[in-house]
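Presented sequentially are two complexes of chain A, the first with chain B as partner and the second with chain C.
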Partner chain A sequence: MSYTFQFRDVFAAWEFILQGVAMTLYLSAVTMVLGLAIGVACAAGRLYGPKPLRVLVGVYVESIRNTPLLVQLFIIFFGLPSLGVRFDATTAAVITLAVNLGAYATEIVRAGLEAVPKAQVEAGHSLGLSGLQVFRHIVLFPALRMMYPSLASQFILLMLATSITSQIAVEDLFHVASIIQSRTFRDFEVYTVIGVLYLLLALVFRGGFALLYQLVFARR
Partner chain B sequence: MIREFGWVDVLYLVFAMRWTLALTATAFIGGGLIGLVIAVLRVSRVWPLQAIAVLYVQAIQGTPLLVLLFVFFFGLSIVGLPVLPWIAAALAFSIYAGAFLGEIWRGALDAIPKTQWEAGSALGLGFGEQLRHVIMPQAIRMAIPPTVGFLVQLIKNTSLAATIGFVELTREGQLTTASTFQPFAVYLTVAFLYFLTCFPLTQWSRHLERRSYGPA
Partner chain C sequence: MALLEIDKITKRFGTNTVLDDVSLTVDAGEIIAVIGRSGSGKSTMLRCINGLEPIQGGRITVDGMQVNDKATDLRKLRQQVGIVFQSYNLFPHLSVSRNITLAPTLIKGITEAEGREIAREVLQRVGLEEKLDAYPDQLSGGQQQRVAIARSLAMRPKLMLFDEITSALDPELTGEVLKVLEDMAKSGMTMILVTHEMGFARRFGSRLVFMHEGRIREEGPAAATLAEPRTQELETFLGAVLH
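The block that comes next holds the complex of A and B.
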């Protein structure tokens, strides 16, 4: 068996690859914001809401966490149109990723909020602070610090998972790879290069999150 | 021919699950072996070995599983192996599981107090003996809940094997959709079947975790 590796054609498509990177970054950024918002809202609902809401959030979290992202994507993109709800590929991808991340974020945020000692909350109340004031001045910051590492690694997993959206033809980095492959037939080379790019993105994300942690939490 | 999505199709989907489970089992065994080596390398006192283990884990955890799958799928022919989705999936998923299990198990080994190693050493045990007779029996109990948790991730992620044409539950769902044209019903059924498999494991993992750490 002899095979000559040829990366030239792959690198020639660098502008195209860059577009894919941009799409992957866009998907990651939008979903992180949306997913975190869903997570915070649902965690609050699960901890402080009335019973039916708590049950509802529980059903949401468990049904998302126990089914594959790919199948969730197919339900939203291929399944919902038969109920008359139709999205373009990118919107379907953002919705699926946000709903998916939201379920994981709910658990992380909930665990973070619960980890703040009860005595501190009681101390706040006995100083005459209102519920909202206790939340803002006593619970929020330590809770954020505790959930930060888990959230950061969940975000990185999400960034890698955006590659799955290529399966409904969202033009992310992975989709770009499959197009280059079909043009050059350099399949192994393309996917190796793309793999290295994802690895670099993951490293950049990890570095960025570590820096943010230093800036926000370390000095307190 | 377009036909209705009926009980026969549901039955086909249920039967396709055996390939999801077979791939999960293969990856869990293969990944378990790799993970064991990685975890032991990480706690070894030889830094080049530690570095190899760290690099492996970082590289695999920083690459999408989909990319891994495609690199193996297209790499098979280069090393002269037959290009079969089953082989590519088994290899890619084992390597993927190896990185995550290695990291989980390293965490469990690290959680054992250093004094336990030293006590073993004081009794005249070598590194391997300390690991086998002193550290591992204690670490295993801690490792079980997160390992079961990862098993759920693994089952769900085998759905990606559908993209290289490996016919497991998700791929069977795609095929059923193509012949019935009822994607909503089909994919909901597929999701439900995954849920039936994963949810009990999730609950079990949670139960084990509570038992070993007490109520949160």
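The block that comes next holds the complex of A and C.
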């Protein structure tokens, strides 16, 4: 093997790489908030809603969880314009990722809500609280604590999955890598550096989630 | 008018009839001890009284409000009827104080500070004033159950239901919970207790209700009924639990 490693050209593009990191962080953050909101709403709908709503949420969850993310992205970005619905690349990416994460979050949140003992709900009702008050004050917090580890893993998976949006030319970290590669032909160096950056991002997220858990859930 | 009127109620789970033509009238100040085997319908009857279980026939009236009526606001009714469960069911993520103040602050619109005064007062009644800021998992079973009683009392109910509240406790802890019940009995609280504590039933029960296979098989003054059961079923049951 006579290959000489040459990282200089890659590091020379550090500002460009940082822009990619920023876009990846943006996609991840916005999607996590939207996806969690979709997840809580759909989980509540699937558990407490009327039959048609429960079926509808079920169809949503299963069709998203059983098709590739790339296909979903292409339907929204390339498919919908045929129906006259047009998004720019970043918007299409956010929508796709949020809809995708929302489906997984729905199942995680549902499992968490169901794991709160029914006796807790009964105790709340017995004190004269309304259904909404029971959900808000008695069910939600213990449920969130139980679902937190699964939700955190799902969020990190999502952060890694944002790389797929480079396929519709969203300028995320992976897209940046491809461009640097095409200029320098330093495939190994570029993708290793970008891989390490994804790893660091994942570790930062993990640390952040652990800290948040300590702050919010592990009181006393 | 009686505080509680249970009039010929029927309760079924699917095809299984759990309560069959059960009637019971309770006046203010009475202490009713409900005894019977597991599966005889004791707990179900209690749960029907505050609307946790719907009934399929008959009617239940608490303080003039009909439980099984669509027009009745169950939340209003439940403010009059406290229930304490065998498994305590304290809210694990809330402090003792917040467990107690949650319902009064949300429902009666009182401030957290006023709620805390109420919490202090009801905790005093169960002898746990110093646990105001503890969390449920820092308490023993007996202490948790006493907090659960205090939580119910904070809503100032007219009727208290106790569903085998000492069954998960060892004799020593049972003693401290029974002491609280004694004090409540002396203060004139109307109480219905599903219990296996025959000694307590004998001393404080104004009436004894013996349930058997979903029906009230025998009913009468507590001490006399326990001393001289009229039915073979009660005699057999007492023979089994007292030895």
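The definition used in the following text is that the second predicted complex is superposed on the first by the 218 of 220 C-alpha atoms of A that agree within 3 Å, B and C clash if a C-alpha of one lies under 4 Å from a C-alpha of the other, contacts with A are read in each partner's own complex, and residues count from 1 in each chain.
Definition applied: contacts are C-beta pairs under 8 Å (C-beta built on N, C-alpha and C of every residue); 3 or more make two chains touch, one makes a residue touch a chain.
A quick note: this is a predicted structure, and the numbers were derived from the prediction, not measured.
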| item | value |
| --- | --- |
| Superposition on chain A - do chain B and chain C clash or fit | fit |
| Contacts of A:T192 with chain B and chain C, given as first, second, both or neither | first |
| Which superposed partner A:A119 touches (first chain B, second chain C, both, neither) | second |
| Touched partner set for A:S150, first chain B, second chain C, both or neither | neither |
| Cα-centre angle that chain B and chain C span when viewed from chain A, reported as a multiple of 10 degrees | 100 |
| Chain A residues touched - chain C or chain B, whichever exceeds | B |
| Which of chain B and chain C A:Y3 touches, first, second, both or neither | first |
| Partner chain in contact with A:L127 - chain B first, chain C second, else both or neither | second |
| Lowest inter-chain C-alpha distance for chain C and chain B in the superposed arrangement, angstrom | 20 |
| Common interface residues of chain A - those touching chain B in one complex and chain C in the other | none |
| Contact footprint of chain A on chain B as seen in their complex | 59, 61-68, 70-71, 74-75, 77-80, 152, 156-157, 159-160, 162-163, 170, 173-174, 177, 182-184, 186-188, 190-191, 194-195, 198-199, 202, 216 |
| Chain B contact footprint on chain A (complex, rising order) | 1, 3, 62-63, 65-72, 74-75, 78-80, 82-83, 111, 114, 156, 160-161, 163-164, 166-167, 174, 177, 187-188, 191-192, 194-195, 198-199, 202-203 |
| Complex contacts: residues of chain A adjacent to chain C | 117, 119-120, 122-130, 133, 137-138, 141-142, 145, 220 |
| Residues on chain C engaged by chain A in the complex (per definition of touch) | 50, 52, 74-76, 78-79, 81-83, 85, 87, 89-93, 102-103, 106-107, 135, 151-152, 155 |
